[in-house]
Each structure stands twice: as C-alpha cells, then as structure tokens.
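Two complexes follow with chain A in common, the first pairing it with chain B and the second with chain C.
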Partner chain A sequence: MSLVRILFYFLSFIAIASALYAAASKNLVRSIFVFFVTLFALAGLYVLALADFVAVTQVVIYVGGILVLILFAFMLSGKETLNVIQQPNSKLFSVKKLPAILLASLFFIVLLNVVLKADVDNLSWVKDSVNLKNEITPNAIMIDNIGVNLMTRYLLPFEAISILLLMALVGAAHLSRKQVKA
Partner chain B sequence: MNFYLTYFIVAIGLFSFAAFFALFGVYAERKISAFIQDRLGPTETGKFGSLQTLADILKMIQKELIIPAAADKWLFMLAPAVIFIAVYMGFAALPWAPDLIPSKINLGVYYIFAIISIETLGILMAGWGSNNKYSILGAMRSAAQIISYEIPAGFAIISVVMIAQTLNLQEVATQQGILATEKIKFAGFWDVSAMGGFLSWNIFRAPHLIVAFVIYFIASLAESNRAPFDIPEAESELVAGFHTEFTGIRFALVFLAEYSMMFLVSMIAVILFLGAWNTPLPNIGSVRLAAWTTGMAWGILWVTLKTLALVAVQMWIRWTLPRFRVDQLMNLCWKVLTPLAFACMLISGVWRLWLM
Partner chain C sequence: MITLTDFMVVSAMLFCIGLYMIVSKHNAIQILIGIELILNAAILNLVAFGKYDKVNNSGQIFALFAIVLAAATTAVALAIVLNVYRRYKTIDPDKLTNLKD
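Up next is the complex of A and B:
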C-alpha cells in the first residue's frame, strides 16, 4: 500500500469514528469538540484529493467560525434547557425518533446508491480531462483558477450567496436588538 | 526514506526553537518589565539571572499534575496540547531565508490564518474542561476577542496580498528585495528594483500598508492575548483566566504556546510588511550593501532580528499600557480597526490597478 492510501484509510477512519462518537455521545460539549476532530480529518482528506484550498477554507470556516459559534450558543444557553437535552434516553427506537430514523436511512440508501453506481474508475469526463491534460498536478497553483472562475463563470451564484449572507447579518442584528417600547 | 527523515528533523528543529524562544522570551520579558518599572528583575540564578527561566522550567516539569475533581478529564488534559499544536503548526509555512522554508505551500498566509484560529478552540476547551467559573469566563472572553480581532487582521493581510498577488509567503518575501523578478517601485513612482534595502519593503512600496501594518500589529496583540488585550487572563478579576487550573507541564505548555504565538505573529508581520529576510541596507551606487548582505545566513539573521524587535515592542506595550475594558476592546475592533482595514483593502485595489 502506498503512503497516500494508508493516509486515506487512516483519515477516513478518524473521520467516521469521531463522527459516530459525536452523534452517540451523551455529553454535548464533548461531542462538539469531537466534531472538531471530524472536520479536521475531512480537511486532511481534501488535502489528499489535492484540494488544499478547500481544506484550508474548511478549517477557517468550520473550525474557526462555526464550531466556536456553536460553543458560544451552548455556553450562553441556560442550564435547564441543556439538562432537558442531555437527559439520558435509553430507548434506541421510539416514535419520537421515527422521522429522524427515516430521513437518515433514506439518505444512507441514496449515498450507497451513488457509491455503487458511480463506477469511479472509468468516469467518462474524468478520462476526457486526463486525455486533454486538463487535470490538477500536485504542484499546480489553484488560487488563480478559483479566483478567475468565481469572478467570471460563477459570478451570479457568488453574488447571490453574498446577498443571502447580508440578509442573515441584517436579520441577526435585528433579532438581537433590544425591543424599543412604543 | 531520507525524504521523510528531513521532515522529522525540521519538525523537531522548529519545536526546539519554539521551546528555546519561550525560555529566552520569558527571561527577556522579566528583564524588560524590570527595566520599565525601574526594578532589577531576576538576578540570583546565574549571571544576571540568565538561568532563572531554566530553573523555572525544571521546577514546572517536577510539579504534580493536578486534575480538578469536577473537571472534564479528557478536555482538560488535551487542551494545552491543542493550544500549543495550533500555534506550532503555523511555523511550518514561515520562510527563514531565500530557499529556506519548512513547507513551501502556495497557500502560506491562508494556512497560517486558519491554523491560528484553532487556538480559540483549545482555549474554550481548557475553559470548559476546568469546570471553574474563572476559567470559563476567561475562555469566553478570549474566544470573543480572538474571533473579533481576526476580522481587522484578516483584512490587513488581504490588503498586502492584493499588492503582492500571491498567498505564498516565500514569494511575498522575495518580492521585497533585490532578488525580486518584477519591478519594484518605492511609493509607487521611484523604481528601486536594483537598490533593494528598506526602500522595497511592502510598507514603503505602498505607504498605506503602514496603516495596515499597525492594524495587523494591534490585532495580533489581541490574538495572542497580550496586554493591553489580556482580559482573558486579567489576574485582578479572573485569577489567571482559562489556565487557572493548570499545573506543572500543562501550564508550561500554555505558556510555551503564548510565547510561540508572539513570535509567530511578529514573524508574519515581518514577512508581510517589513521585508521578510531581506536586508534593510540598500545598494548605493557602487557600495552594494544589499547585494553583500543577502544570502542564507544573512536572511536568517535579518528575519530573526526584525522579529525579535517586534516581540520587544510587544513586551514594551504590555508593560506600558493598562488593560482595556471589554466594551473599549470591542469598540476599538469594530468601530476603528475594521473600517480602517476595509479602507486599506480598497486603497490596495486602486494602487494595484493604477500605480503598479
């Protein structure tokens, strides 16, 4: 086995194991911190796939931003609310959980279907781009490519997302404002 | 296989450098604070007290590792390691001299920016894991402060990146001296490609970057939790903030992380704004000072000297200015630094289009 393959299995194992722990753990804070391990392992997988920009962005946005926000939300919420969430629920299957189980299993089936049907080793578009030398080498500089594409081909989605984020910002500012008495 | 061996040697070398710097840094901090407050500082252990920090670390290693009964054991034990590793990983992408860089990645700046933000998580981990009011308060303050100050710091960095047109720190460094392949203009009009020296540093290539440099420097003080931004550990109100409960080698790791962070952020500032490993001496006619003082050893010397100078300024500020209140801290960040950093970014764009 080559080193890349060993690393791939190692990182995937960490990602899956930590994700399982995060989902199963009764200790909410701990599962948030374990989720950090999952995200980091995923960033490692992105690096292995030569998508280093995506990997670093993943760390910046998820680890530096979203995880810290989740922790903040957790630490700012009252103890009583958290105790209700943390109450041990011994039953694995119950009526309350039915929608979640359904959703999860359906999604799992979809994913399995994709994996089984994709036939990754001989995809036509992958072969085409290998033939056309239109592929990424480990030393390629990706940023220029990403920047140019964001500003030309994907400009409309890019701007739409920025407007969405602006709306979220304005909304958050409005919600967190003190009510002015009329 | 030799290939991998080099990696290990580089990693161990960087670690021992960080440890050595922390020892030296604590000693320097105590001497500088003593000088500023008109005291003597450590004098007993070794000549001029120079072995004081060595004695301190020996004491720390021998101390008992106490875990509070109510603490979350795993989080508590892992937190110092996470805090330190986050900072230590940042060292991987810093160039020390021409052709001397541990990892030549073309995302250098971005990578360091990402890795540093992991420290926040380590601090929150320490605060929560300790299960102590003071620790959690310190951790919350620290996290709030770091994520707020990442914004002006980020925009200051972006304004440099827009001038340099690359995220690769080695390329940013090369552009600021006589080894540059492109044309360098001092303040946008005077061609100094052949002269080099301090004239071709980024802050002089585009003078608005001086403002960006100051913004970055202030933000970096906040990110390394140094005074005047040390409300996370504010000893007069929070005992010692997020590291209240840590003893022995774990406490040493937290300290090691703080001092490594000081060096790391100063070195980033040096690389981005102050010419990295380039000499400050310009070529003047046939007196080719810049050409004589550029090279591997000179590079390491210059970058170390500049970084240590910035670290000294950090210490000077710490012992001169009083601590900020939380509201003052947030006001400064959101109402002063962030708009200024935005303005710098805008000017950078215009500068790049019309003057370079």
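Up next is the complex of A and C:
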C-alpha cells in the first residue's frame, strides 16, 4: 500500500464523513462550516488526481467565494432560519427522513452497480492513452498547457461562460436589491 | 496507484449524500449545499478522467468551467433566497405556497 493510496483513503474518508455530518446536522451554521472541510478534502482529492490547477481553483472559488456567499445569505436571512435548532428532536433517524434515506441508499446501490459493471479501468481509450504516453504523470507541469488550450481549443466555451457570468452577476444584483415602492 | 473506480465510488457516495440533502432538508440554504455536493461529485469524475488526456486537457478545463458555473448558480440562488425571505419571512421551501399576486 503506497503512501498515495493511504492519502487517498484518508482524504476521501474526510470528504465523505464531513458530507454525511453536513447532511445529518440540524444546525445550519454547523452544516455550512463542515461543508468547508468537505470542499478542502475534495481539493486534496483533485491534487491526487493530478489536477493541481483545478484544486487551486476549487479552493479560491468554492472556499473563498461560494461559502462566504452562503454565510452572507444565512446572516441576512435572520433568525428564522435558526428556528430548527430550538425544536427538541434528539432522534437521529426520524420516520419522516426514511423515504429520503431509502432513496439515497438505493440510488447509491444502483450507481455502485453501474460503476463496477462499467469496468472503467479497462476502457479502450484509457488504455490507448496509457500506451501512447498521453497520460498525465506526477512530474508533468500542466498549467501552461491548460492556459494555451483555454485560449485556443476551448475559446468558444470560455467566452460563452464569460457572458453567462456577466448575466448572472447583473441578475443577482438586480434580484437582491431593495424593492422600490412605486 | 489510485484507479478510476476508486474515484468513481467516492463521487457516487458524495452524489447520494447530496441527493439526500436535497430531498430531506427543510431549508433552502441546506438544499443549496446539497446541490453543491452533487456538482462536486461530477467535478471529481471529470478530473479523474481528465488524467488520461494530456494534450487537450478536456477533463480539467471542463472541471474549471463547472466550478465557475457553480459560482454563478450559487450567486443567483442566494439572491432568490434573500428575496423569498424578505417576502415570506421563511426559507422553508415547503411553506412557499403563494405566487406574487
């Protein structure tokens, strides 16, 4: 068992355990802060998949942007959202949650079956890429290649996303401004 | 070496946790966290398969696009949550039963 494998199990355990805690917790604030941990662990998993630039982007955008945004929305929406905490309900699994748990676990079994049956490690194009040395190796530096590709091969989606971001920005600002009484 | 199947199993678990959050939570912000979990599971798959494309980097670049789009989605969704709170004084999606008029 190599060190990389141990690290992979460790990070995926942290990611899944913290995601489970965020799902099980009734406290919204705790749920948000544990989601931080999930996102950091996922960034670590991206590094193990040899995508360091995506990992850095994950930390910058998700942890720096989205979570701060969620915290802002939580603070601006007042104490109504905290009402759930006050209700004394100490049971871990209530009957009301049973259909959701059933749905999620059955869907997980289906997904697991699909993944194991698909046998993704022996896909033809994956084998081809290993044979043709088209596989990213741990000592390769991919960032300059990503930059060149972003500006040549993927220029159209890049520009489309820039327009979409502008629209989302204007739309969010328009939606969240105070309503003017006419 | 970490195989592709390992990554896919982890991402399947994250997906199902996100699905559970979306179905069961009574709070729009926690539902949003569930959606983010599902998006992250998808991004993990993209990144894991992108390892086998050194020349074009398609997996990693579309993972970047997905992260940026998730940011845009969250911004709009949270603006909607704020508006809903202002109008109904609650963000429980089960209690939003009226339209504007």
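Convention: the second predicted complex is superposed on the first by the 143 of 182 C-alpha atoms of A that agree within 3 Å, B and C clash if a C-alpha of one lies under 4 Å from a C-alpha of the other, contacts with A are read in each partner's own complex, and residues count from 1 in each chain.
Assume a residue touches a chain if its C-beta (ideal position, glycine included) is under 8 Å from a C-beta of that chain, and two chains touch if they have at least 3 such contacts.
Note that the coordinates shown come from a computational prediction; the quantities given were computed from them, not determined experimentally.
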Which superposed partner A:20 touches (first chain B, second chain C, both, neither): second
Partner chain(s) touched by A:53 [first = chain B, second = chain C, both, neither]: both
Touched partner set for A:72, first chain B, second chain C, both or neither: both
First, second, both or neither for A:4, with chain B first and chain C second: second
Which superposed partner A:39 touches (first chain B, second chain C, both, neither): second
First, second, both or neither for A:30, with chain B first and chain C second: first
Chain C versus chain B, contacts on chain A by residue: C
Contact residues of chain A, present in both the chain B and the chain C interface: 53, 57, 65, 72, 142
Chain A partner contacts - residues on chain B that touch it in the complex: 72, 74-75, 105-107, 110-111, 113-115, 117-118, 120-121, 124-125, 128, 136, 140, 143-144, 147, 150, 167
For the chain A and chain B complex, residues of the former touching the latter: 27, 29-30, 33, 36, 52-53, 56-57, 59-60, 63-65, 67-68, 71-72, 75, 141-143
Contacting residues of chain C [partner chain A, same complex]: 1-10, 12-21, 23-24, 26-27, 29-30, 32-34, 36-37, 40, 43-44, 47-48, 50-65, 67-76, 78-83, 85-86, 89-91
Chain C-touching residues of chain A, taken from the complex the two chains share: 2, 4-5, 8, 12, 15-16, 19-20, 22-23, 28, 31-32, 35, 38-39, 42, 45-46, 48-51, 53-54, 57-58, 61-62, 65-66, 69-70, 72-74, 76-78, 80-81, 84, 97, 99-101, 103-105, 107-108, 111-112, 115-116, 119-121, 125-126, 129-130, 133-136, 140, 142, 145-146, 149-150, 153-154, 157-158, 161, 164-165, 168-169, 171-173, 175-176, 179
